[in-house]
Amino acid sequence: MITYLDAIRSAMDEALGRDPRVFLYGQDIGAFGGAFKATKGLATKYPGRVMDAPLSEDAIVGIAIGAAIEGMRPIVEMQFADFSTCGFNQIVNHAATLFYRTEVPCPIVVRLPSGGGPGGGPFHSQSMEGLYAQYPGLVVMTPGTVEDAYSMLLDAVTLDDPVIFCEHKFLYNHLRAEELPKETTPIGKARIVRHGRDVTVATYSAMVHESLAAADELREDGYQVEVVDLRTVKPLDTDTVLASVARTGRLLCVSESFPWGGVSAEVIARVTSEGFGLLDAPPQRLSAKDTPVPYHPNLWSSHRPTANAIASALRRLLEM
Amino acid sequence: MITYLDAIRSAMDEALGRDPRVFLYGQDIGAFGGAFKATKGLATKYPGRVMDAPLSEDAIVGIAIGAAIEGMRPIVEMQFADFSTCGFNQIVNHAATLFYRTEVPCPIVVRLPSGGGPGGGPFHSQSMEGLYAQYPGLVVMTPGTVEDAYSMLLDAVTLDDPVIFCEHKFLYNHLRAEELPKETTPIGKARIVRHGRDVTVATYSAMVHESLAAADELREDGYQVEVVDLRTVKPLDTDTVLASVARTGRLLCVSESFPWGGVSAEVIARVTSEGFGLLDAPPQRLSAKDTPVPYHPNLWSSHRPTANAIASALRRLLEM
Amino acid sequence: MSSDRGKETATRTEYLKAYRVMLTARVLEEKLSSLYRAGHIKGGVFLGRGQEALSVSVGINLRKGDIYAPLIRDQAGRMAFGDTALDTLRTYLGSQLGSMRGRDGNIHRGRPREGYYAMISHLGAMIPVVTGALMARRFRGESGVVGATCIGDGGTSTGAFHEGLNAAAVEKLPLVMVVANNQYAYSTPNDRQYACADLLDKAIGYGVAGHEVDGTDLGACLEVLGKAVAAARSGGGPQLVVGRLLRLVGHGEHDDASYVDPALKAAHVGRDCLKVAEEFIVASGWATPEEIGSWRVEAKSEIDVTAAKVLREPAPDPNEEEWTAVSDTRLQDNFAA
Amino acid sequence: MSSDRGKETATRTEYLKAYRVMLTARVLEEKLSSLYRAGHIKGGVFLGRGQEALSVSVGINLRKGDIYAPLIRDQAGRMAFGDTALDTLRTYLGSQLGSMRGRDGNIHRGRPREGYYAMISHLGAMIPVVTGALMARRFRGESGVVGATCIGDGGTSTGAFHEGLNAAAVEKLPLVMVVANNQYAYSTPNDRQYACADLLDKAIGYGVAGHEVDGTDLGACLEVLGKAVAAARSGGGPQLVVGRLLRLVGHGEHDDASYVDPALKAAHVGRDCLKVAEEFIVASGWATPEEIGSWRVEAKSEIDVTAAKVLREPAPDPNEEEWTAVSDTRLQDNFAA
């Protein structure tokens, strides 16, 4: 069985193996294999190409940009997504603007171990896709399955544009698959992971699984819930969501990030402005609460949307 | 006549005068009076309380937080909003979380000279309200009038919570008023700056004036456009927008920031989920283009929404 | 413990006081480790084993009214500054009664109103914050106040360290900046972290006083920190103290630290400061091994009792929780449920 | 100019070459200033008057294949590295034909594919970027390559400076880090910027070589930069060069620099490096004042012609503009119009 984390490691392994321009840079990713062991064994297998960085997020991203300008394809690991705030400037003001300003592309991948878990607390639990997606020039991927973790990371490395790769820590070891995919879904396309005719849930990353569980729950009430995994949140595949809403007439957006703005608001804005007539009920959203992510497991599990909470939201929406 | 910039200076002057806990900290704000002269004369008037900082945005915000913990009420100036990315971590991870974590409030004001102008280019033109608003714990103000620049900054200083004060550079000297207001609009409330029955424009900051100009244009076509100035984007006064949409049945959100997410998406998400039945047509939005803000005046003026573009968007919406 | 054995009474008293805090911190951390292994603590457990001498010397040289922003490995310093085993356990175990009320945990705790700051995770971030706190004190005309904060060898590579220390130096504020150079940042050895011969070489580049100390030697730590704190207190501006030592435990309790060079463990820098202090106490005739043993037993039984009590305390209840991040209710944003 | 007047031919040739670049940069900047005053340039104009000697010495010591990330006041260095008056004017005037095509302007220009990087505004940001570029060259097995970048006294206070220089030092990369200490960051004097006695004192704290130079003396600058670049090229790791000089112009052309201490203007540091070089050339018998005067006239007329031409060039057309920030069309996001 291959875990989501294994898939990420395999993708990097393969990328290193097939393209000499690829190298990895980040804190503790060398001999140690990284805080989550995503790079375990790679430093030995690819000597000199998996490098420990000083405790300097701004320099880590800056170095990746410089190397990319010179034709390399760096993959950098932030130890936790939350620490990317210290490299924020280089990401949003340098990587994101380089191509538009100079015609030189910036093929870097910034891996962000994202999302919460019990005991993670305010600084090791954040979901930052909704921040990075606001910046023109960045591609923001949010894989929610083992297969996507693998194939999207491989895609990310081949793209000429900077990719913010939001991988979910909670899925690292929880999610397993039989094998790695041979074929990949096209870049930037959403995927319907469960078909249903009554209501559409648009979601991504770990919330795909909470939503699927909620869909199971609702099947017992006789409802068929369609679940769309957005996969990439910038660019956003509005068409797939619209097509789903055209069938169901109802939309719930679920995200683990803070409630103001972010992916849910963007999806709703697009669907209502482009597909208003498709909706039979007001579009709804469910996000985390408007506080920092709390440390205590009891608080944490109430802070983020759960299958139960999604099921309740769906029931309310289905009655509207 | 009092300019928007004068109003900001007057508010700081008054705050310094009435509260010994207030001090100002930022690059070149002392004897020099700041890059835009917002603090001109204040260092002389309040010796030792208007301090030049080193070129260190992270330390500037960190210092403000420490001083606030000890009971002071610092107002910090970023030389341009765009440079706040270098102080991003302290703002979003420290100031924003302090009260939730420790019960100690963090009364700092971070002034962000925001928005574009001809020749400003990618790094001196950004509008960052939609980023900061995502973080729980921050208050984000976006004054669009001389009166609000003054009274909202005074409010910001008295609040116990951290305020991101997005002041628009383009309004600094363009906008004038007869006198400073004696009374203030309640904190967190939007304001209807122009009444109309046909369509609602929800907007803020410099776009209030472009929207008003568009409303003038549409009057000639016989349409009455209602313009809502959101004033504060976090918290967002959904009720006022909903009440307006209840009257007009149509909504256009206008913002100068990048198109993905941000204030426009949030407003639309709220209005459609809470007031779906009020809408007679799909809600629309108009934002800047999905590229960095270009340098050349010709490009710049096509990049952001203008009165003309807003008028066109309104005409399309009114025909839906 | 019987009276006057040496003549340097002050030193002896201080030394023993510091030692007992170190000992309590060590015993408490051993308890945290076993609670973690038993599954009672969620999230990370980050211990300061081997760093107690340096850490306690910071906390013990501060006084009420000073500011202290400890870092990851400062259990001993925290306790010297007034933190308790009770609140430590409450925070780790997520008790509703702890200072962080389950909202934050482990090392991210403090009571800012008492000058005891609660670190955020982002390394280096506390340095400008303490600097700003000292600026506030100066605004209010308070003098003789000191602010101390700590960082690791890894943390010196952050932009925050640089900007914070520089700003404190420009303002000539009484900041005591303690670097615990424990040879590794997580798994990263110093030669992948910095290229100067010694971290102390950074002092001149900031224009601040520098102090070097053997972090395995409690006596040396007490003396050097005493001097550094006194120098800051009397207007000498920021003081950079670099302690040389080794982390004798994993980065966190999930980490077996197998990457640590055995040669370092065997070297002087790898000595256990607690054992070194014990030997010194015994050699100085200040206490017998049996007395020391009884102090440990005493500390342990107190901590066991406290832990047992905290384990029975209520966890935070999400339904009772005030889900708001702003202090002013007018500023609360409303999201449809 | 007639042949062989001195015996140090190499020095003379190099000196005169550098001088003529400085002169061209000066004349070009004077043109930019007048275009600004005439309203032809929108946005800021940031000049390097007084800094040409230091700047040109960086550019002239680099060769094809090297990397150069100039900063605000490096017009002279840029031209020595191959930038032209034509592209400078195009970028400032926003010509569609300029390297930035009106998308970015003024000092934010470059041709990264030629090793000539386009700075972003955020000070310090180019340092890790050049470091990464050098890492890429090392990956590809290229040796003997140098990367140079510049920063001001103010920029040394940024976290980016610290993290970038430290990372370069850890990797022992051939980075030449030039600090133009022009006494002010915008209006902020050095005593509000840093507290060390000399910025060169920072070198030891990063474990890099340090070089000091009188930035008003072209000969000294050429020599010191020559040494520093050679040391980097031959594997000596990062080189920190600190030049002492004074900005002889406002921060930007909107600024009258009235805050500059007259004592500094009158002091050695306030000398105009261009005049100093002229005097040296004349005193060395390498050229007469008349010859120098004719060079200036030559430069000016060429630049005037170029400016007139650029002023007639097309501005970018928003309707023709490709409004996309990603290079891969599959990645373009679609927003309803």
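Think of it as A, B, C and D in the order they're written, each chain with its own count starting at 1.
Everything below uses one rule, namely that a contact is a pair of C-beta atoms (placed from the backbone, for glycine too) under 8 Å apart; a residue touches a chain by one contact, two chains touch by 3 or more.
Computed from a predicted structure; not experimentally measured.
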{"item": "Where chain B and chain C overlap in contact partners, by chain label", "value": "A, D"}
{"item": "Chain of greatest Cα-centre distance to chain B", "value": "C"}
{"item": "Geometric centre distance via CA averages, chain D-chain A, whole Å", "value": "41"}
{"item": "Chain A and chain B: spacing of chain centres that average the CA atoms, whole Å", "value": "30"}
{"item": "Where chain A and chain C are represented by their mean Cα positions, the distance between them in whole Å", "value": "36"}
{"item": "Chain A residues counted as touching two or more neighbouring chains", "value": "53-54, 56, 58, 82, 85-86, 89, 93, 96-97, 100-101, 122-123, 136-137, 234, 236, 260, 273-274, 284, 289-292"}
{"item": "Residue list for chain D, restricted to those that touch at least two other chains", "value": "100, 103-104, 108, 120-122, 157-160, 163, 166-167, 170, 192-194, 324-325, 332-333, 336"}
{"item": "Chain contact graph, described as a line, ring, star, complete graph or other shape", "value": "complete"}
{"item": "Interfacial residue positions of chain B with respect to chain A in the complex", "value": "82, 85-86, 88-89, 92-93, 96-97, 100-101, 122-123, 130-131, 133-137, 234, 236, 257-258, 260-266, 268-269, 272-277, 279, 281-285, 289-292"}
{"item": "Residues of chain B that touch chain C when the two form their complex", "value": "23, 49, 53-54, 56-72, 74, 89-90, 93-94, 96-102, 104-105, 136-137, 139, 159-161, 186-188, 234-236, 238, 270, 273-274"}
{"item": "In the complex, chain D residues that touch chain C", "value": "157-163, 166-167, 169-170, 172, 191-197, 201-208, 237"}
{"item": "Footprint of chain A on chain D - complex, ascending", "value": "67, 99-100, 103-104, 108, 110-113, 117-118, 120-122, 125, 127-137, 139-140, 159-160, 163-164, 166-167, 170, 324-328, 330-334, 336"}
{"item": "Residues on chain B engaged by chain D in the complex (per definition of touch)", "value": "27-28, 30-32, 35, 52-56, 58, 80, 82-83, 85-86, 118-124, 259-260, 284, 287, 289-292, 294-299, 301-303"}
